[in-house]
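Take a look at these structures.
Two complexes, one shared chain (chain A), two partners (chain B, chain C).
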Partner chain A sequence: MPGLGQGILKGMAITIRRMFEPKITRQYPEYRRELPERSRGMLTVDMDRCIACLQCMRICPDHCISIEQEKRDFDGSGKVRPYAVGFSIDDSRCMYCSLCVEVCPVNCIYHTEEFEVQAYDRLELARQFGERPVDPRRDPIPVRKRRASRAKTVRKEAA
Partner chain B sequence: MLEEKRKTVTERLASPDIRDEFGLETMDMNMGPQHPAMHGLLRLILELDGETIVRCDPIMGYLHRCQEKIAENRMYPAVIPLTDRLDYFANMHNEHGYCLAVEDLLDVEIPPRAEYIRVLMCELMRIASHIPSIGFLLLELGAFTPILYAFRERERIQDIFEAVTGARMMFHYIRIGGVKADLPPEIPEKIWNYIEGLERRIQPDFIDLIEGNEIFISRTRGVGKMTPEQAVELGLTGPPLRCTGVDFDVRRDYPYSVYPELEFDVITDDAGDVEASYRVRIREVWQSIRIIKQCLEKMPEGEVMADLGRRLRPPEGEGFGRVEGPRGEFAVHVVSDGSDVPYRVHYRDPSFVNMQLLQEIVPGHYLPDIMPIMGLIDPVSGGWDK
Partner chain C sequence: MLEVLNQEPFRFLLTFGALIFLVLNLAAVLTLAERKVSAYIQLRYGPNRVGPRGLLQPAADVIKLFTKENIPLNRADRWVFLLAPAFMFLPAVAVWLVIPFSQNAVVADLNIGVLFFVAITSIGALGVIMAGYGSRSSYSLLGALRGAAQMISYEVPLILSLLGVVMLTGSLALSDVVNAQGGGFWNWYIWPQLPMFLIFFISGIAEVKRIPFDLPEGESEIVGGFMIEYSGMTWALIQASEFAMMAVVSAVTATLFLGGWQPPLPFLDLGAFNWLWFAIKTTLLLFVFQWIRWSIPRFRMDQLMDLGWKVLIPLTLIWIFVTALWMLIF
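For the complex of A and B:
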């Protein structure tokens, strides 16, 4: 057997060489590396800037953003503007795809560096911003509505 | 040898006299879905004659998430993060395939820089998929070290991905009409350094360690042997097809993106067994390194996103996109009805199609050979179940 024991020798040579190289494992809870600038963590909203345009709610693939909108007269001039009274982000649904951040016209919704989130109850994960809480289970339904209307026209054409 | 094995199995089963005389009977055995060595959630119903497999039926669906149906209720851009969840070892290729299909519908021009970034990211993804898949193959054969070395490489690539896209696995980076954002200024140099380091490490850490190892050879040589005709008949793509000697690669034969401008070889091997699939994979890593270097050298300056307007409403019609993923051809078919949600999205995932070889190839092998054969296919359960 010409190759007897060579495999072990080769393997041990690599093992020994590795012993003198810096380790790449990191002791996670004690050591936290710096996150890159683009890192996508939990979402947060700056309610002062929000104009309640509802674009983030509509684009969200997981329907994790729920907004309660109200028309309010801010300066008493009789001109009403939409205002988000309630704003909730359900972290149990969010998949950090960043679509809401991209559509926001005033950059009021953005990613933080936080990514560790835990709770005993699923609804605890729905974080509330704004004046009064919103039921996070409420689903925005524009897409389904559109589908239904399309199905109707298809049925009409077929008939 | 395998032919003989198979023949004896069929002969023994065919003659009821022998079976009655010696009390021979086959035994059904379930392997998985929660098997420690199984690739994801796959259940195999095995009919065993002693230690020899007579029949192998894969049962899928334990990770089915209705991806295609969900896509019918999402706006076009909002489907991209869902494609990340298909084959979670080839996220970039899934995104690329879907975006190519929608761009086919829209008929848009992609900025050249975006095309180069896409190819660059896809090839990095291929390295990040091939090296762990070799590690998994060896892990299932009982070697623990290679998987750690493989994941060390993958972690470094994931660090690059995180700096570029913001996430380590679910990137959501390739978009319809380009890519999300330009590369950060320090990244090209980082990729270059990493690639050069990988070139130095790949020979001692993988090739020298694995090739020529007696245990590896005895477990993989001649196992899962198939002919080119069989592979074509089964519709295999990717390394399982190329390891039989069929020279087919979507990147070269149906070129997309900027692949026609890049130089690379399509790796094939004649043996058509598990060892050959390993050789194809590790040599494809070299080719990916070649492509990445060319991308970094040739990458032009400019925009990374085509202007498509705010609301995406492709015209009625059908779009098709195909890419060469690490496991084979990934194709997407999108049908549009003119609204801003797709009417139908269909994914052709290589993991799912390549799984067919289980029924054809596995009978006649011994039970422990299942694991190397799974390593040959290297399926990902997110891919076959969708």
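For the complex of A and C:
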């Protein structure tokens, strides 16, 4: 009998003590934790530096980058260079793998510290950076199709 | 005008309307209190976005539940399914009829008030069985069977623990019980009936199916038990009735053992505002309900039955004899 209800009383003593202790919850919108170094937020592009090499578009596993390339003669010397007329990043697809950042030769695509991404329609999440809007749904490289056709030709050659 | 309102049908209708208003609001406030108490015990803040310090959270909840769809089940026994929440809610309102809020402030001062409380609360078990049976789902039925077993078993110690108070008072009317406890906190029945008070409170928790006796609901094993198939307002009504029953048990405990509206010390008599004492005692007991809920884990079914039949009932019987001997000697 002496130990009867001791555990219950002990537990309830702990809970009542916890009730008056300072709370540890961080109130998010008011309190924002400082983001760690090299944290990956939404992508952004510095269009002035972009050389429209399309490497980011090609390496992106989710095809979230769509670029419309155009050849332009910038200085009137008759030598044309590629130029990104349209550039869109679809944040609804991006998985923040940072491959495009690594591959970019001029470091013009990079992560910001912005991470609150929300919209009522997923197409709202596609951000346009270029002079002309690009359809973000466009699949830049229809990989499977190409592979299949190549396989077909290989098979034909083998036959 | 006031004399007309004091005539019998109007008086009853008015007061019953007021009681439904009271009970619904009580349920709403208790949902917020539950969340706040649980949060504070777990070192969180709880809801604090809607209104000042989250005080309007119940309003937001109600709007959400009203706009939610009440999904009717094709397989369900429709009328039983839809009537079950009402069968749970109405008893929770009806018991308030006999509880004295203050001197002369009781809707129906029945001379069998204690019996009325016991009889009406056991209708709640019927609601649980109806909900579980009407849903025609295996989890619901399991929950309902557990609920039936639990609520019928714990009805026995609940009734037996009331007998000590009834013996001491010599009356079944709750107003007589309260009047007999006047004159200060040393006259309250909690002191001569301390084991009975504890047993009444424990079986009261079991009656209202709260943790540590929430086997009919059993979130972790039977995913919601008898209320698994409910949604929208029917679900809200079941929740409201659970909170209202919790309030009823607290109020009855305060009335029977803690002196009801009687002030703790004679000079603290507030006259017509003595209902404040009743409110304070009920609120404290409600807090104890929530405190227990967030401290103690759930019983197993066999432990529950053991506690009810092997511990609580013998204890009540022993204490009834002790009370009888006490009355015989003094």
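Some notes on this structure:
To be clear about the criterion, the second predicted complex is superposed on the first by the 124 of 159 C-alpha atoms of A that agree within 3 Å, B and C clash if a C-alpha of one lies under 4 Å from a C-alpha of the other, contacts with A are read in each partner's own complex, and residues count from 1 in each chain.
To be clear about the criterion, contacts are C-beta pairs under 8 Å (C-beta built on N, C-alpha and C of every residue); 3 or more make two chains touch, one makes a residue touch a chain.
Bear in mind the structure is a predicted one, so any value in this text is a computation, not a measurement.
In the superposition on chain A, A:Ile24 contacts both chain B and chain C.
In the superposition on chain A, contact is made by A:Leu99 with chain B only, not with chain C.
In the superposed model, A:Arg38 makes contact with chain B only, not with chain C.
Of the two partners chain B and chain C, more residues of chain A are touched by B. With both structures placed on the common chain, the touch criterion links A:Pro61 to chain B but leaves chain C unconnected. Once chain A of one complex is fitted onto chain A of the other, the partner contacts of A:Gly11 extend to both chain B and chain C. For the contact definition in use here, the residues of chain A common to its chain B contact set and its chain C contact set are 11, 14-15, 24.
Residue ranges on chain A touching chain C, taken from their complex, read 8, 11-12, 14-16, 18-19, 21, 23-25, 27.
Within the complex formed with chain A, the chain C residues making contact are 37, 40-45, 48, 291-292, 294-296. Across the complex, chain A meets chain B through its residues 3, 6-7, 10-11, 14-15, 24, 35-40, 59-61, 95-99, 102, 111, 143-144, 146-147, 150. Across the complex, chain A is touched by residues 72-75, 77-82, 145, 152, 155, 162-167, 170, 172, 180-181, 184, 204-205, 208-209, 212-215, 337, 339, 341 of chain B.
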